[in-house]
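One chain, subunit A, appears in both complexes that follow, with subunit B as partner in the first and subunit C in the second.
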Partner chain A sequence: MDVLITGIIMGTFYALLALGLSLIFGCLKVVNFAHGEFFMIGAYVYALIALKVGMNPFLVLIWVVAFGLIIGLIVERLLMRPLYQKYTEWGAMRDEYAIIVTFGLSLFLINLANQIFGPYPISGPGLMPMKERVLLGNILMMSSHRLIAFCVGAGVLIVAFVLVRYSPWGKIIQAVSQNRFGASIAGINSTKVSSIVFALSSALAGLAGALLCPIFSAEPFVGALPAVKSFVIVVLGGMGSVPGSILGAYLLGVLEQFGAVYISYTYRDTFGFVILILFLVFRPQGLFGEKAREV
Partner chain B sequence: MMKRRACATILLLMGGWVFWSGVGYAAGPIVIGSVEPFSPPGSIAQGSEAVAGIKLAVEMINEKGGLLGRKVEVKFEDSMGIPEKGRAATEKLIVKEKVSLIVGGNHSSVCMAMSEVAHSYKVPFVNVNCWADAIREKGYEEWFNTSVNNSRISVGGAEFVKSLGVKRVVALAENTDFGIGLARGFQKYLKTIAPEIQCKYTVLDREAKDFTPAILELKKDPPDVVVTIMDPPAGYIIINQLYEYGVAPTSKTLLLDLDALAELPDFWDNIKQAGKYLTGIALFHPSMKLTDLGKEVRKRHRQKTGREASRVVFQGFDAIWLAAKAVEKAGSLEPDAVIKAMREIKVEGTRGTISMNLEKGPFFQQWVEVPYSIIQFTEVQQPLAKAPIVFPPEQKTAELVRP
Partner chain C sequence: MEKRKLDLLVSVVVFCLMALVPVFVKSAYWLGVLVVALYFSLAAMGWNLLGGFTGQFSIAPATFCMIGMYTSAMLVHYLHWSPVAGILMSIVATAIVGLLLGWVCLRLRGPYLALTTIGFAEIVRGLIRFSYDITRGDLGLSVPKLFGGGGHVTYFYTFLGVVVLVQLLLYFLIRSRVGLYLQSIRDDDVAASGRGVNVVGWKTLAFTLSSLICGLSGGLYVHFIGLASPETGLIIQSGLIIGMAVIGGMGTLTGPLIGGLLLQPLSELVREFGVQHMLIFSLLIILAIRFWREGLYGSFRKVLARVS
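Showing the complex of A and B:
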């Protein structure tokens, strides 16, 4: 039971990260290799504001989200938009340009963090003091921070899911995801939608980084592994599928924990890849993806 | 005609430049190479501390007129804590920068790779902070160690654990030559001196962030002692998570860090509550006896940074200091002469008299008597100077306390 609980908790943080990646892919058809670095920026912003300004950690989360939105808007405007604005059809866009741009951005942000924040990892304060621990039903002891971070993460996840799925804005995002050209004909400003989606995904990644900062510590490379996992999740769930990426995140979180405890800790990070390979062989469209072909 | 004249002028200028730079080199500084991690996933913290010590040594050498009448300069290269990068950086220093000798090294896997390069080019290399016995066991005559080695730490840790009279110990070690080597050495030595104590170790990924599954396994049946052998940031993360899940330190389970993390300047920025009651090996404690040279280094480091010097600062200093004294003794930069001098010399370092053991094995060309103690933090944010020494008995300043 304790393994299941910790798996679900980790799955929530993975889902926050993967949801943004999935939205970007759905809307912009771009694999954002710098997504982990938005996670890293969120962790740094959280740690630095909380430690240097001494602000209440819950208020800092709002700043992290705001910062993430701004960074997302800037990156989309300066780096992503030139990639697609000339094309009315996604098929005409050169995917390799997006890969190079986001990969370069990832390296740039890692090295920038290294230069600005220095060599030492920084651990931010918990949402509750880290020394306070809770015992869940006599099964599992954990820091109250982890529990509250999980609740915040799960809450944000539900709100984001409902917004994307049922709100008018969400329906616009879905329309652009399905057919950008068609959405444009229907009067939807797809460029604006892309900006919002990029900003939203950057904010979600930043929030995940902030929530995990007291546990993982902020350092330049902190986003690398979570980002790799979110790529696995997005493929598991079905490229661009929001419910798929959430379910995929929980699946990976739980599977990793069970595999590590009952098979071997050494192979913990490979369990996700094994599942990924199985999916690619037997269900390449993922959990909620649709079979498609381009002509 | 004009073209020919222009070509001749350019050739003349180039020849002059080559001649001039050659003359400059001959009379110029002695260049020593250094490879340290300055980028992730390497331990940048330890790399920076080593550099601080190396720079202090160079400053003090140059204040006294340099080496063989020449100024000393250090060229630094980044290993990133990755073996192939360390290997390439060492080769670059030797081939391109033409360094006479090299000091440095953090992360044993990197030193394993760098030692091959130093050996093949026959360039003396003084190891600052790579602990793996396997590097010494190669028996390369170019490789010298002022850094402590795993065997020394294993002995210290095992003697301490034996003194506790416990029954079961679990070590959590990073997946590197250093981590696995130290865990094996610790287990082996503990079995020799206290066969009644059960000891096993688990290998964890140094780049991982979440160690919950490994910790949950311990949670089921907590051992008497959990030993951590992991470099930062993973070392910090696992200590926090052991505390978070209530595994260690507790009234039943003692937490022992064998990576000397307590001495690092960012320890309390990352550990917080989990550090209270933590015991750890310390290769430098402010109450430890220093030589006059060591006191001077400590004073200068404090003046420059406002911080107490860590053991890596002293290690960085000692490595280049030994190399410089060997060059002085040899009277040249010729590798054979420097290697011979380094094998024979006795040098006063920062924490004692450094000499090289020449017996093959894990202590080959190793400063054997590296001082150590086991300290315990009894308060959160407690400075290392105020943390009591709980082992060995001759240095002990307080009894061990439990939560």
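Showing the complex of A and C:
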């Protein structure tokens, strides 16, 4: 039972990451390989502000989101714009450009953090005192930070999901991801939508980083593993499918925990990859994706 | 002059210059740096066959180097094979891994290869780090060197010879019908398959060959350094290799060669000033792909075309 709950808690944080990734894939049709570094930035911002300024951790979360939005906007403006502005000129080169530029960005951010803060992990304070434990219905003991972080994460996830799925703005995002050209004929400023989506997903990743910061400390490489997992999830859920990526996140979180307990703890991070390979072989369109269609 | 012939000519000039280097450079340290640079050049050439000529992006060239290293290292360490046999086996092993991985994810279009390889990179490194009893984890596995005696000069010429050989093979491959298939897949895979090119098959072949070249470079390298460690499979190492190919000039035969030979010594120099060489390097990658697509060698070709 507690394995399941731990899995669900981890799944929530994976979902925050994977939601952003799949929104970007939907709108911009590229995979953001620097996603884990937004996670890392969130963790650093949280740890540094909370420790140096001594602000209330909940207020720091707002700063983390603001910072994530700004970083996302800057990155989109500087590096992602050419993907859809000079559409004709770039043509077949866009995949190539997107992969290498985001990969380069990921290396750059990792090394920038390494240069500025050094390779030492910085652990942030918990949202609640870390030592405090809560008892859930006599079954499960967990630190109250974990519980609160889970609640915040799940809350944000639900709000984001409802916004993307049902609000008018979400409908605009869906329109752009279905057909960028068609959406712009219908009067949607698809460039603006893309930059908002990019900023939003960067903020979500940063939030996940901040919430997990007291558990995994902030260090330059902290984003690598969560990012790899969110890549797995995005394939699992079907590229660009929002409900698919959230479901995939929970699936991976739970399977990983069960694998860690019942198969092998040392190799827990490899299960994700095994699942990825199985999906690629047997169900490449993912849980919710459609078979690729040519436009 | 025809484009590829020019590539070959410039490569030959570079090789001749390189062959003269040990006459002037006596310092063992700098010769060692050049051997490492040749290792990176070889890996970058392997990556370029896939990324530059076929348009498929693997994020894990260094992982294949690492697989090559550990294959040879373990065969030599546990079964007491000779290093040469170990290196040959590391070619075979990486070819098989490349073939399997390519078969799984190259049937799909889009960014699946990049996604799978980045996962693959982290997982293989994790496997090697945590299989402590076999690979000795982070401590690394120490292996005998390729030549008992002989200074760095011997290694330098061996590496150079292998690089020359691979470059020649790549030249003939790219100029052959197969090379044209690969480039047609890069430029427009739908049109290519419409003209009867077996897109998936050739993509898988390119991936296998590219992995194999990386495996070869890894196998050679491990018997030069004398230590196989999971550090060599870090994503950052892959970044170095990809960066060398991109900055040198993707999709040209000579670009990755020049990229590796120039950038590795350069990053050694930068390190002496106490700046993280990867910081500058990754910035260069971003700038190169954003504003300077043709890379060093492409610019050189342009200048040459204007002069002549």
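Simple rule for what comes next: the second predicted complex is superposed on the first by the 288 of 295 C-alpha atoms of A that agree within 3 Å, B and C clash if a C-alpha of one lies under 4 Å from a C-alpha of the other, contacts with A are read in each partner's own complex, and residues count from 1 in each chain.
Operating definition for what follows: contacts are C-beta pairs under 8 Å (C-beta built on N, C-alpha and C of every residue); 3 or more make two chains touch, one makes a residue touch a chain.
Just so we're clear, the structure is a prediction, and the values are computed from it rather than from any experiment.
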| item | value |
| --- | --- |
| Overlay on subunit A: subunit C relative to subunit B, clash or fit | clash |
| Partner chain(s) touched by A:N114 [first = subunit B, second = subunit C, both, neither] | both |
| Contacts of A:R146 with subunit B and subunit C, given as first, second, both or neither | first |
| Touched partner set for A:F103, first subunit B, second subunit C, both or neither | second |
| Touching partner for A:M10 - first (subunit B), second (subunit C), both, neither | first |
| Partner chain(s) touched by A:I277 [first = subunit B, second = subunit C, both, neither] | second |
| Partner chain in contact with A:F58 - subunit B first, subunit C second, else both or neither | neither |
| Partner chain in contact with A:Y166 - subunit B first, subunit C second, else both or neither | neither |
| Which superposed partner A:D269 touches (first subunit B, second subunit C, both, neither) | both |
| Footprint overlap on subunit A, where subunit B in one structure and subunit C in the other make contact | 110-111, 114, 224-225, 266, 269 |
| Subunit B-facing residues of subunit A, complex | 2-3, 6, 10, 110-111, 114, 118-123, 129-131, 133, 140-143, 146, 212, 215-217, 219-222, 224-226, 256-257, 260-261, 265-266, 268-269 |
| Subunit B residues touching subunit A - in the complex, by the definition given at the top | 38-41, 44-45, 47-48, 175, 202-205, 207-210, 212-214, 216-217, 219, 232-233, 236-237, 240-241, 244-246, 265-266, 269-274 |
| In the complex, subunit C residues that touch subunit A | 51, 55, 57, 59, 104-105, 107-112, 114-116, 118-120, 122-123, 126-127, 130, 186-188, 190, 235-236, 239, 242-243, 246, 275-276, 278-279, 281-283, 285-286, 289-290 |
| For the subunit A and subunit C complex, residues of the former touching the latter | 30-31, 33, 79, 82, 92, 95-101, 103-105, 107-108, 110-112, 114-115, 224-225, 228, 231-232, 234-235, 239, 266-267, 269-270, 272-273, 276-277, 280-281, 284, 292, 294 |
